[in-house]
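Below are structures written as structure tokens.
Two complexes are shown next, each including chain A; its partner changes from chain B in the first to chain C in the second.
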Partner chain A sequence: MNSTIIRFTAMSACLDPMKLLYVILLGFVMPIGMKVASMLHGASDSQTFEMLTGKVGVAFVLMVLCLGLAGNTATQSGRGGEYLPLIFTRPITRCEYVLSKWITITLIGGGFAALQNLVVAGIGMHFGETITAQAILSMVLERFMDAALISAAMILTMLNRNPAFQIVAVLSFYIWLAGQTIPPVSVATGGKALEDLSIETTKFMLNLSQYIADFILPTVNVYDLISNPVTAAGALIAYLSALAVYLLFAVGVTNKREFFYGTN
Partner chain B sequence: MSQDNVDTICPANPAQLAVQVADLVKTYPGSDVAALSGISLSVEQGEIFGLIGPNGAGKTTLIGCLLGLLRPDSGAVKIFGKPADCLAVRQVTGYVPERSDFEYWMTARQFLQYHHGLAKRDRKDREREVTEALEAVELAKSVWNRRLKTYSRGMLQRLNIAQMLIGKPRLALLDEPTLGLDPTGVTLVRNLVKKMQDEGMTAIVNSHQLDEVERVCDRVAFIKQGKIASVENLHSGAVSDYHLLIRWPESQLNGSLNSVVAQAAKDASAGVDECHHEWGRFAVKNNKMATQLIRNLVQQGLPIEEVVPERAKLEELFSASQREGEGQ
Partner chain C sequence: MTCSSESSSADKSVSYMPKWLVAAAALLVVLRIGDVVLSKMHAGEPAKTKAISWSQVPSRSELVAEAKRLAASPAKPVMELSPESQKHLQVLLADAKAQNKLLLLEFYADWSDPCKKMESTSLSNTQVAALVAKSFMPVRINDTQKQFGVNAKFVADLQKRYRVFAFPTLIIVGDDESPVASMIGNCSSLTTYRFLSRALSTAVISSAPQQVHPAPSL
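This part shows the complex of A and B:
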């Protein structure tokens, strides 16, 4: 790990007003507003709320952070950002660079998401909801674990300039995202055939999304892991395997890549 | 990392070549044409070496290989006797890229602090070395803490040069260092390179500014179609020859002007190209010869009003090299 990269990556995340505005709006204003509204009106939390306070919320926050922190550097798009050919002329290893970026993005993204979960839990408790300390701890840990895996996947996608890999990665991400956002009871009206097609399509998308999620972003339920480690061990192994593969692959492609004008 | 540690990793052995390139071949993926087709060269420590050639000749690719950012298909690159991608080499190498990008939220100070950290310099020297680098490139103090998004192209280029200085390199690779700079900035780069040389630093300069290359470089390589067409020593031989245009008041030497001028030139071993009533053009090989010629003329009783050196040799050689290449 390189303390200079960690420090300046954190500064980059915190000193860009547009990034902060996005994170505040999506990460705090919207879910907190939803939580307060549901508490005031006695309604249950909506699916959108669950989405914004879970893994999808972490993914949204990280998309902003990663695009600024590793994206421009890798694509040399001319929009401003670190210039990797110059960075890699310094006496740092590429492994050091990738891991320093990953740990910083994980801590910032996980930190934002965990803080949001704590605020939302606090609002719930203020209105009389009962939440145990173990549940809160599980929530916080889960957000950091989500952030660690999603940021590793995003960094890999941004540093690996192979177009085929990028297409597959982005497509998988959006199918996963679609699976998280499709309402399970969504049924089109307009006749039996259309209704059946709608149900089958939704089921197919949900199944596909679940397969992809299990493969690319396996979830560990930290509450289960704490309560019953033996039964959750399989999920933990899947999670750690995916994380290790992403990081090793990210370091590998960065080591292999030529960073210079005219090279992809 | 302290300078002592750097010396241990990369000992300053004056006998060792700073850069040694042997039979370097590089073809970019997807291209049929080799960007470098067997380039070999060596640069001594303390030397300022120029790379010139037409666009697409392979100069920047060569710099990429010297930095270890590009992997040659075959051949070898040694910097101070070690492979180019060795971290110890990067500790003593500085680079000014032709096209750079910046984190525009940063200030100039923060940008240099970042590179100071990346260069693994001693943190206690950070503020002093950052200030020194900013002063060296003559960036106005009032903009040091201003965000880079407000900087002009020339200011960013000065900062680009400052980041190269921040690591106190022993070898500097400068890719079009005067790009976007005003005449003051161009002079600054020239003086900086000379100062670096005085301090024992080696530099490789890739530039299309032939007059600047001629002024600062000891030797220059003409690169064309991925090959070195020729290497010229700018301190001896054809390129260092130049002409002096010397003006004097309408001669009061009456009929003896031609003989006085001829004798003065002969005594200085200079050649007389032309001699007129009010001026003459002389061929000299170096500054010492030029000084001797001027002294002889004055001693012979010819008052001198103006002396203009005429240099355009590198450009002529460049054009000749181009023509030769086209004729092949």
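This part shows the complex of A and C:
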């Protein structure tokens, strides 16, 4: 790990007022308001709330935190200049660069999401909701695990300059996101062609999203893992394999990158 | 100046691929493929142990018989509970009250993969199962619309009454037959636990004289 890269990454993430404003609004203001409202009126937590306080919430936070952090400005020559070639004029290993970035983004993104979950759990308990210490620990661990996987996937997407890879990755992310708007359900069709078509289309989207989630963003349910490690072992293997492959490819593509250091 | 500029703007980074990362990725990918193959081989098998003992309403044999009878002479759909169905529901509610528990209805369908998945994950979680056993009277309402083209009257009535359109759906019913809380879809065990404990506290607050077993606290 490289302490300078870690420090630089942390400062870029935490000292940018625009990023912080976004994280506070989407990560804290909205879910807290939803939680208070539902507790006051005795209503169940909505699916939107579940999304914002779960894996989707982590993805939203990381999407912004990762901007300009994983070398995307360097790869795309956009705003902010060529950071990556500058960093590599230092005697560091490229693997060190990738892993330092990943660790920092994971800790910051996971930290924000875990803090949000703790605040929301605290509000629930204040209004009389019962929740065990095991459940709270599970939520916190799950958010860090989500952050680790999503940040690895995002870093790989940003460092890999192959446009086809980036298009497929972004498209997959959008389909996954669309599928998160409702939990997996079965709906009996009604026998009318147009209504059935509409329901079947939604089911197709949900199934596609589920396949993508299983393949590229597998979820480990820490609550199940703690309660019954045997049944959740498959999910843990899927998660760890995806994480290892993302990091491996991220280091691989960075190793292969070549930069032009000539003067204009 | 030119020399220092040239020396500072050269790539001094080292390409390095850690062997542990390569080995870990290879091992985990092999394990994952093995796990996928194994799960495909065992796909469709019912869960060996059921954490929650659901009362089946109606029972399998009754369900099949009634569905066939109704298929022969389909009844007009009703928006609210018929007197027979209401009586049936009242019996369930009285049973639950006698046990000092809340009535938990699970609208379930045999053909629904999310239902089977939820059965083997969230509803098999030890904490969820313990909470259900302690504070709820679980009743599974079996849908047969897809298999037989029609549902048993009680099932159809309940689905209309509680506006159930998707499976699985969990509904906690209050003393006055109104839904205290509902959860649609195969949600995670933590979400399910939170839903149940939340509904429990809501029910306790809304019906203060009724003593319901509280969920385990911290």
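Some points to look at:
Operating definition for what follows: the second predicted complex is superposed on the first by the 241 of 264 C-alpha atoms of A that agree within 3 Å, B and C clash if a C-alpha of one lies under 4 Å from a C-alpha of the other, contacts with A are read in each partner's own complex, and residues count from 1 in each chain.
Definition applied: contacts are C-beta pairs under 8 Å (C-beta built on N, C-alpha and C of every residue); 3 or more make two chains touch, one makes a residue touch a chain.
Keep in mind that this is a model prediction, so the values were computed, not measured.
Contact with chain C, but none with chain B, is seen for A:240 once the two complexes are overlaid on the shared chain. Of the two partner chains, chain B is the only one that A:15 touches; chain C does not reach it.
In the superposition on chain A, A:128 contacts chain C only, with no contact to chain B.
In the superposition on chain A, A:3 makes contact with chain B only, not with chain C. Of the two partner chains, chain C is the only one touched by A:228; chain B is not. Comparing chain B with chain C, more residues of chain A are touched by C.
Of the two partner chains, chain C is the only one touched by A:42; chain B is not. In the superposition on chain A, A:93 makes contact with both chain B and chain C.
Using the contact criterion defined above for the overlaid structures, shared-chain residue A:103 touches neither chain B nor chain C, since it reaches no partner. Residue overlap on chain A between the chain B contacts of one complex and the chain C contacts of the other covers 85, 87-93, 259, 261. Chain B meets chain A in the complex at residues 1, 28-29, 60-61, 64, 67-71, 87-88, 90-91, 93, 95, 97-105, 110, 114-115, 117-120, 149, 163, 167. Interface residues of chain C, counted against chain A in their complex, comprise 8-18, 21-22, 24-25, 28-29, 31-32, 35, 39, 109, 111-115, 117, 120-121, 124-127, 143, 145-146, 165-169, 181-191, 193-195, 197-202, 205-206, 214-218.
On chain A, the positions that touch chain C within their shared complex are 42-45, 50, 85, 87-97, 124, 128-135, 138-139, 142, 182-188, 219, 221, 223-224, 227-228, 231, 233-234, 237-238, 240-241, 244-245, 247-248, 251-252, 255-256, 259, 261.
Against chain B, in their complex, chain A makes its touches with residues 2-5, 7-8, 11-12, 15-16, 72, 76, 78, 80-83, 85-93, 258-264.
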